[in-house]
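Working notes, beginning with the structure itself.
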Amino acid sequence: MTADSRAVGATEELDLPEMGQWALVWRRFSRHRLAYLGLIVLVFFVVLSFGAPWLAPYPYDKINMNDNYSLPSAKYFLGTDELGRDIFSRLLYAGRISISVALVSTLLSSLVGIIVGAAAAYWRGVTDMILMRLTDVMLSMPTLPLLLVFSKMLREYPTLKDTFGDYLSVFVLVTILTLFGWMYPARLVYSSVLSLRETEFTEAARALGSSGWRILFSHLIPNSMAPVIVISTLGFGQRVVLEATLSFLGLGVNPPVPSWGNMLSQAYAYMLRNPWLAVYPGLFIFFTVLAINFLGDALRDALDPRLKV
Amino acid sequence: MRNYLIRRLGEMAVLLLLISALVFVILSFVPGGPFDLLIFSNPRITAAEIKRLNEAFGFDKPLYIRYFQWLVDVAGGHWGTSWGIAYGRPVTEVILARLNNTLILMGAATLVSVIIALPIGIYSAIRQYSWADYFVTSLSFFGMSMPTFWFGIMLIVIFAVGLGWFPTGGVSTYGLEGDILDRIRHLALPVTVLSLFNVATWSRFVRSSMLEVLRQDYMRTARAKGLRENVVIIKHGLRNSLIPVMTMLALEIPGLFSGAIITETVFSYPGMGRLFWDGVMAADWPVVQGLVMITAFLVIACNLVADVAYAVVDPRIRYD
Amino acid sequence: MVSRKQALLEVKGLKTHFFTEDGIVPAVDGVDFSVAAGETLGIVGESGCGKSVTALSVMRLIASPGRVVAGSILFEGRDLAQSSQEEMCDLRGNRMAMIFQEPMTSLNPVYTVGEQIREAVQTHDRQISDGAARVRAVEMLRMVGIPLPEERYRAFPHEMSGGMRQRVMIAMALSLAPALLIADEPTTALDVTIQAQILELMKDLRERVQTAVMLITHDLGVVADMADKVAVMYAGEIVENADVYSLFREPLHPYTQGLLASIPTLASTRNQRLNVIHGTVPNLLRLPPGCRFAPRCPKAMDICRQVRPTLRDVDGGRQVSCWLY
Amino acid sequence: MNSEQSTVSRDAKAVASNGKVLLSVRDLKKYYPIRGGLLRRTVAQVKAVDDVSFEIKAGETFGLVGESGCGKTTIGRTIIHLLTATAGQVLFDGQDVFKLGGGELKRLRRDMQIIFQDPYGSLDPRMPVGEIVGEGLRIHNIGDPKKREEMVRETMSLVGLRGQYARRYPHEFSGGQRQRIGIARALVLRPKFVVCDEPVSALDVSIQSQVLNLLTELREELGLTYLFIAHNLAVVKYISDRIGVMYLGRLAETSVSERLYEHPMHPYTQALVSAIPIPDPTMRRQRIVLKGDVPSPVNPPSGCRFHTRCPQYIGDVCKMVEPQLVEKEPGHFVACHLY
């Protein structure tokens, strides 16, 4: 048997212990101390917000006019607002809405973006032209003005009003954030699939007789995911801010549903009376977004294919 | 190059047409009409009278006819009449009155941002992983994570309400309209707010672009020639790293308009952004439509200018 | 031909290490060699053996996280390992010049090739007028065989082919008639016929400019063709040092022997098994305790696995780092 | 029209045991359009492969050499129909490859495989090695998962890799090992014919010889036929029975490999042979150094494509008339007006 002789140079022990892709990514990621901290902060906020019904000391809409504008105390952890509602409780419930809006719209935009980008790069030709021109057009539009106009339009729509009631504004926000957010992942997936199509491993799959669909799902899309994960993480942070901004401008989440943005909007009105009302929600937003940004930055490094080990 | 320009200008026209149609259609779906204010101020007016008015001004015609009418009007320089915030005044007049303020604000903010972001981005790239780099990096993370409007509110709370150093908003003090110093005092806080986010993101971008250039082989060639390090960085590094930065700045223009809406609203600054918000809240569609068109035009034009400038700076790019 | 001349460059005990997150990588770990004026030294070895790092160390162009940690680099009587960056700037491009492997990326894309050569001239000759420096640059372009040099002066790098760009690099490097030219795989990225052009050009210019050359390559054919002396590198050290004729006639180190035997040549018979070197190059982070080649060496003895050999003199003015000798 | 069938040389016969033609390439053309202008119309064409014909017999190794941009890689990919040919015909085992439908083509892929140059880019970084090697089996629905795993291990050991590394990812392997993985992937379906596209160019000398030996052994053991593409003439000569020299999309010369090096006829082949650096300092010799660069394949020179650089240019005939590949010695074809 010649196997022994041909084994020369190949069968020596591999240098590193067996390690999957994700274990490798995790190892690189965990070197970023700030990102680690960011992850902990983020988990903390998420648990706090989604545990609001169990963790919050008061319902978010419990009005107590006798206690309005109270300062932090044993009774009201962070004080109360102009209607005497407990700020801390409201922050938790608001966080649940703010984080959900950002998360759901991020996931939806990524999904739409992946589909659009992959479809354009896969089919090329007319599909490519239509989809990518649309992406370019959407990217070159001034976003915030259009977001405001769209939001205004959708929230006046009678049938939607009937369906969603108080949560109409939440639905509208998720819709418009998705509508104006899919272009970034789409572009990434598009260019990534285009360049992956030219790689030798894709050609090898074709040479083996693999169908186009099979290549798309087993090679092209999985290999395009790293940058999408990074941009979606950062996009998640941006959407938390965007939710707050739109709510602040009155065209995001509207009371009675609490969100960090509309808490700030109300606080703005009573800013001169009690500036603290504006401080807390802002800090919550700030730390959440900061944590997400650190996370995204570390992921960018950890998922960078140019780096080894 | 000429072919390229013709193609791009053609595309630009199509794009503007598309945006205008899109916005026109969206706005037409929103309830509210030109005579809402009339109904509000004069409760005795009857539905029949409103209907007659609508017919007289052509508001009852089908959507596409109204759109074409609007297009023809725009081509003739007539952008419609405000029916909300500045009742009865021509849209062009309303917008032009505000244009100046916004351009000053945006210009000042862009200038300040570039002046700060460029050097610190370059410096932290050259001294990668130094404490200065970590400091700049951390600061830019703070800047990126800060919601702009909240930062504005905090500045007002501290520096305007608390310390009283700056006015809470507006564009000038009553009676001091021509005073340059007073104008600057009014600009200080909004410019700070607009610049913070820009400096944070732009300096990161400059840094990574510079780092990319520092890795290039030709930088090693320049050093091997015996050039002093500062010459290597400035002559060979900077020019190459600024090429992508230019593109980025062009793509940031839409962001500036968005920033203007937020900042002008927080600081009650009478510019286009504030006008836009007022217009949306008051359902003053002619004004909103006009503003969207102007913004879109500026954004697209900036993109085109950036692409052309790109070809000028980078000899490898040739458009044909 | 190879006489005992005064050494132009003498490197002793050079160690260049990279301080990475995974540990210290001893890319160059105690290297000795010398180059006499007008002489060509070939440094050969496979990828990752430290030959390029050696070249960059001599130029003092090692960037963080790498650092020259020990040894001396005597060049024209002064120790470059101790020189300030300021002094190095005066030497680089002037007394010692370097050309690189990738002609496609080694020139700055935003300046014309003429400007880049002129810059090299003016950096070291500050008296020279713009016009004279320009004339000099055109002259250099002509000397390296670029057709229509006056016109090509205004060309941007992307408008030239790889071979032409490598000529520009050579023109730039030789524009101040350096005493030492370091060529780091100058023809690796080029096609065979273009490689032949560049090698001929280098031979010709070496005579005309009277420059010593340190030629770094993985191609033993190129070394045999160009070099007077050869240093063979393996895993950060020099395993054998000899004049080119003795080395190819009678390689001493088992690694050199293996390397020579494993190249298919035009003379080798079709389909006859090629000699192979077992295994792969060791990871520099986990080097074997003794001789670094011992795990792959067919002649390894017990001592080889325990004690690291040093480069020692053997007959015929040669040096080898092996327990067999 | 050159008909190679009639002229099977003695040497070629000796290596090709039964002398049966396995692959026949006829007048193959591959042009790439260059689009430009306002309407993105085709303004020019890159003539990557322009009218190339040759045959490979079962069990034989045919080498293709040439410099970058000469079209050798394009030929390899067009033959196995990874690229669509502009014109011409490829007959594999008597079937016209370009006329096959989806199902037939897929079946054909079990017989024709390819090995790539880049040991890094040719393996999907997010797939374990076992899956990479076994991909062909899954695509063609061969065996059950257990059987497939067995076949993967068998093929891995065939190329000298340990089966227990099947769960590892490509980045954990060295360049030489990765190249073995690529070979295993191509061989798992037990093809008859393999295109080796610069399989050792990216490897170090000591690893290169390991892989060359492996390819030679596998050819004997599995009865493979190779199209071996490379720019290194010594390597091509080492492994090939017959060799074709390409210049700017056309074959300049084909011959039995020994003969080609002993007696190169085409001036380009002569220059190419003389340009190879020989690892022997006593053999320093005068090279034939060609003038200038390879011209662009967008507008190749008229007549003989080599005439702009030819040291033996004999006049207008070279500039005007495109020389055809003609048999000048038994089994030795050359496209040059000198002969």
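As written, the chain order gives the labels A, B, C and D, with residue 1 at the start of each chain.
Keep this in mind: a residue touches a chain if its C-beta (ideal position, glycine included) is under 8 Å from a C-beta of that chain, and two chains touch if they have at least 3 such contacts.
Note that the coordinates shown come from a computational prediction; the quantities given were computed from them, not determined experimentally.
Of all chains in the assembly, those touching chain B and also chain D are A, C.
Comparing mean CA positions across the assembly, the chain most remote from chain C is B.
Measuring from the average of all protein CA coordinates, the nearest chain centre is that of A. With each centre defined as the average position of its C-alpha atoms, the distance from chain A to chain C rounds to 51 Å. For the pair chain A and chain D, the distance between mean C-alpha positions equals 48 Å. Between chain A and chain B, the centres computed from C-alpha atoms are 24 Å apart. Rounded to a whole number, the gap between the C-alpha centres of chain C and chain D is 33 angstrom.
Among the residues of chain D, those in touch with two or more other chains are 176-177, 207, 210, 213.
Those residues of chain A in touch with two or more other chains are numbered 8-9, 15. Shared contact sites, meaning residues of chain B that touch two or more other chains, are absent.
Per the touch definition, chain D reaches chain A in the complex via residues 77, 80, 82, 105-107, 109-110, 112-114, 116-118, 121-127, 132, 135-136, 139-140, 157-162, 165, 167-169, 171-173, 176-177, 180, 182, 185-186, 189, 207, 210, 213-214, 217, 221. Note for the complex: chain D touches chain C at residues 67-68, 174, 176-177, 204-210, 212-213, 216, 231-235, 237-241, 257-258, 261, 271-284, 287-290, 292-294.
Those residues of chain C whose C-beta lies close enough to touch chain D in the complex are 46-47, 147, 161, 163-164, 191-197, 199-200, 218-225, 227, 244-245, 248, 258-260, 262-266, 268, 270-271, 273-277, 280-281.
Those residues of chain C that touch chain B in the complex are listed here as 59, 61, 85, 88-94, 97-98, 100, 102, 105-110, 119-120, 123-124, 156, 158, 169, 172-173.
Listed in rising order, the residues of chain A touching chain B in the complex are 137, 140-146, 148-150, 152-153, 156-157, 237, 241, 244-245, 248-251, 264, 267-268, 271-272, 275, 278-279, 281-282, 285-286, 289-290, 292-294, 297.
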